[in-house]
Amino acid sequence: MTGIDKAFGGVPALRGASLRVLPGEVHAIVGQNGAGKSTLIKILTGVHRRDAGTVLWQGGSIEPKSPREAQAAGIATIYQELTLVPQRSVTENIVLGYEPRTRLGLIDWRAAEARTRAVLARFGIDIDIRRPLGRYPTAIQQLVAIGRAASMEAKLLIMDEPTSSLDEREVEVLFGVIRALRAEGTAILYVSHFLDELFEVCDGVTIMRDGRTVGESRIAATTRLDLIAAMLGRDADEIRAAGRTELSVGRAATGAVFLDAANLSAGGRLRDVSLQVRAGEIVGLAGLLGSGRTEAARAIFGLDRLSGGTIAVDGTPRRIDTPRAAIAAGMAFLTEDRKVEGIVPDLSVRENLTLALLPRLTRMGVVDEGRERRIVEGFIRSLGIKAADMDQPIRELSGGNQQKVLLGRWLATEPRLLILDEPTRGVDVGAKLEIQAIIARHVEKGCAVLLISSEFEELIEGAHGIVVLQEGRSVRRLSNPGVTEPMLIAAIAAAPGAGGA
Amino acid sequence: MTGGGLDLRRFARPLGGGVHLTVWVVLALLVLFGTLRYENFASAYNVSSFLGYNAMFVLISVGMCLVIMTGGIDLSVGSVVALGSVVAALLSPQGLAVALPAGVATGLAVGAVNAALIVGLGLPPFMATLAAMLAAKGLALILADSGTVPVDWASDFTGLGMNTVAGLLPWTILIAAAVVLVAWAVLERTSMGRTILAVGGNAEAAHLMGLKTARALVFVYVFSGACAGLAGVFLASGYGAGQPLEGAGWELAAIAAVVVGGTLLTGGMGSVPATVAGALLFGLVFNLLNFENGRGTISLSANWQSVIRGAFLLVVILLQVRLARPGGRA
Amino acid sequence: MTAAGLSAPGAPRRRRADRRLLGLAAALAALLVLNVAVTPNFLNLQTLAVNASQVATIAIVALGMTLVIASGGIDLSVGAVMAVAGALAPLIFLSPWGVANPGPGLAASVAVPLLVAAACGVFNGALVAFLGVQPIIATLILFISGRGIAQVLTNGNLQTFTNPDFTWLGTGRVLGLPVQGWIALALTLVIALVVRRTIYGRQLLAMGGNARAAALAGVPVARVTIATYTLAATLAGLAGLIVVAQNSASDAARIGQLMELDAIAAAVVGGAALTGGRAPVLGTLLGAVFIQLVGYTLIANGVPDEATLIVTAGIIVAAVRLQDGRRRG
């Protein structure tokens, strides 16, 4: 693939991206969220159509218009989001669309089940294949997805984050399958943020950043740190210039501990996280994708049920089991995905901004619009929200401004703990600096902040302490001042078990 | 893993599997109850009239089942029954060979319109079939000149609704059974059948897997329409008249039967046989109530019947909520 | 840049909704003009009154339906609830107690049916909010059994009566126009205000627009859901009372037949999105009027009754298509 461009609604997702995979090669693609990996793959598999560039497959140019066409061409995919049908049985999910037939042309279930068992046997799985897929843990579902793709005798097998829910033993099994496929001449495109895996099983790697391909190398010729550096664009001048943040550690935090979370566990992703945040302090949560940062935030805010651990607010243990309870305890949570969990698209800027504040703005059931407008005006001013007027539908605003409105929603509740999950993601540089400045101001006034960010500059320059998460566990706490980027990267990338607490 | 309790499960699967087995059990129990309690319950007359009447509901329930499996809904079914009955009655002088296909074709046509609106224009199934329901009803009234349309008794048309095989099995139920069998076979043994289920389970995944989702969606709506049209022919043939105002609320009876049979409205799973059992179950409740009334021990007017139906549905829903919890999520 | 325009309350926000409303109003106006030109006796008070009384009941139910649709659900039970309420009222004021105490009897015959209707709404709302039952199924229960309950109460009998105090609700005139018309207008106003100005209204729209975001922001989703279904059912109960008053008769088998369809149609034409998040109250009223007027235009000009059904179907399809187009655009 060369020179691939793709834009969605005017926003470019890919700019001149490229990718080369040799037959029988296991090739990796790496990059942060939004780097364009998924989009590039979806162009290859017929989900999206490219705007520009060429795709050469086995010597000829192709332009698959549907997943079925791509599959017919010999490209099979295992997507990141589980794209199987949980209500249907394991057998069906393996054979759907390619069911073995009897002579009459009807589906031969016996043959289907035999094929399914054979496929799963490669992974050492022996389960009741008649039960609905959804009843099995995510790891099994993932392996079934992989099994399906592997059984389609494709020439190129694309795996997008295949190990995200597998344990070590299952990952080893997967690698065995990958090596076997490679030996058979199948090329594999491997996308993962678990860099260790790439070094174990891949032959080559392509690095993407901001919609472009910024590097390509043989795995043997590069190191983990090199990869991370390229992914983050450490050496690009423009990033460094914008990299200076508005967060800066002033005097050390002396406030009392507001939040004390110990040994939190929930679901599968959160295993054992402990952290403390003081008033007037910013605590950063760092880690690669999938390390459990968002899960920790959600558990603290009462969105997910804890299976273990305790939360204490202001020294008193509290049961936070709903967002309302969290808000009542003085917490606020700006989520990662503003489209899915943040904005109510049809409502206005004003209505979105005051959504969490409504109970306090209401007298006898009626919203005090005068007060509301004054508050909103204030935030529009102080946050620098660019909108035609406060009654404009929020969906018409730019991403950065939407984010500011959501930030305003939470700041309006005058929280004592502000949990921010990637607050400046998808936001232009100018708005980013403004948001950071706003956060800094509130911290100075005594607000506690738990900051999840993939932007190391934000954490290093702004956080008083950084808790590093790996695979659902808090492994280290780095204290500022004194943290440098190499230190942080090393802590994040360190193999689990190394580098003490 | 596949051992233990093997026999029962092998038995359960073709009938619809675990949850669905309950419907059959309840059905069997009620039949037993009726046979023991009421003299004429197991009589040829009762059985044949019960089956003959409920053949219509079995048909529309099966059609609805397939639609619901894709995660959609078909609110036009009741009106299509009415329309089918009117068309069939109008053509009854031409005999069964003309009137029957005509009725079915009418339903098929409405189904095709539904499919066009839903798959072609992307309208939500609720709204599209709601509009079709109104339009079909209007059409039925127009064709029938706002009255009922008496059939031509001289032709062989009424033979369909009135005659039985061996005095026990009405033709209507036999034809319905054949349709059910075909639907079941398509669902279980063809690629399109599996696509129907996949679309309901996770439409996006189905598309990414390369399945022909559009074709499956068109099929279910056309099939549902055809079933309703056929039921309309049964209606006209069995009652001697095409009735434009009958069928009101039938779509909801069909939905209830599907729900009772264990199929979830969210789509992606379900069982045709269990839906049939559900439809028969509702009909049986009525039948039993009639008998109980006849005994004079209670006096349940027709009004109570709908109350009981509703209560029945409530119980089933509560049970489903209970059952849905431990399943589903991994 | 941000200070300018802040003082203009609400006006620019309604840009998109306004355009739609304007379109509907224009269509309505065109229809009126057409009728004045073509339909005999259109402009007299009698015609107006007849139309108004027919629209009123649909509009009242449609208002409640709009709220339910705005929450992301649907309510199929409104017709049945109408029947229940309509059956209860005569039972009360015709009972021995009611006859002996006409004053309280009348009051009870209005209050009790409304309370029972509200209870039906709580039932629906609880199924949806606490048990997670889909609205179409949850409200299906009452759809199936509500009418039966009404018929059981009345023993399947048609109740006719003469009670001028009660029937005033359906036949009285204020300033020449029917009482129910004024009630419908007043309710439209009240509900519009509720949606726009109260915390409930805000939370309803937020919940319908993005349930996850709303829950995250602390909106009491269960409470809002139940309140919505209760309100819709109460309005349906009121409509039932009006119909009974209008006819001086209560026929449990007939009251509210197909009302849910009319209400949904009015709401959709008025701009409600089945996905939730929008409650165009004024639009609903106009939608109901529009559908009514279309029907009347056709009938008064000799088009058979049945054809109006087909036309309504076409209107619904067009309305949904337009809505989709607007959303994507």
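When the chains are written out, they are named A, B and C in that same order, and each has its own residue count from 1.
We adopt the following convention: a contact is a pair of C-beta atoms (placed from the backbone, for glycine too) under 8 Å apart; a residue touches a chain by one contact, two chains touch by 3 or more.
The structure presented is a predicted model; accordingly, all values stated were derived computationally and were not measured.
Novice: Contact counts by the stated rule: is the higher one at A-B or B-C?
Specialist: Of A-B and B-C, it is B-C that has more C-beta pairs in contact.
Novice: Farthest chain from chain C, going by mean C-alpha coordinates, please.
Specialist: A
Novice: I'd like to verify one number: the distance from the centre of chain A to the centre of chain B, where each centre is the average of its C-alpha atoms, in whole angstrom.
Specialist: 45
Novice: Can you give the whole-Å distance between the Cα centres of chain B and chain C?
Specialist: 31
Novice: For chain C, write out the residues touching at least two other chains, lowest number first.
Specialist: There are none in chain C.
Novice: In their shared complex, at which residues does chain A touch chain C?
Specialist: Residues in contact with chain C: 303, 323-324, 327, 333, 335, 340-348, 351, 355-356, 358-359, 361-362, 365-367, 369, 373, 377, 380-381, 384-393, 409.
Novice: Could you list, by residue number, the parts of chain B that touch chain A in their complex?
Specialist: 1-2, 13, 185, 188-191, 194-195, 197-198, 200-202, 204-212, 267-269, 327-330
Novice: Can you check the complex and tell me which residues of chain C touch chain B?
Specialist: Its residues touching chain B are 74, 76, 127, 131-134, 136-138, 140-149, 151-152, 155-156, 252, 257-258, 261, 264-265, 268, 274, 304-314, 316-317, 320-321, 324.
Novice: Considering the complex alone, what residue numbers of chain C touch chain A?
Specialist: Going by the criterion above, the answer is residues 1-6, 8-14, 16, 197-200, 202-203, 205-206, 209-210, 212-220, 277-278.
Novice: Looking at the complex, which residues from chain A come into contact with chain B?
Specialist: Per the touch definition, chain A meets chain B at residues 45, 47, 66-68, 70-72, 77, 79, 82-88, 92, 96-97, 99, 106-107, 109, 126-128, 130, 132, 134-138, 141.
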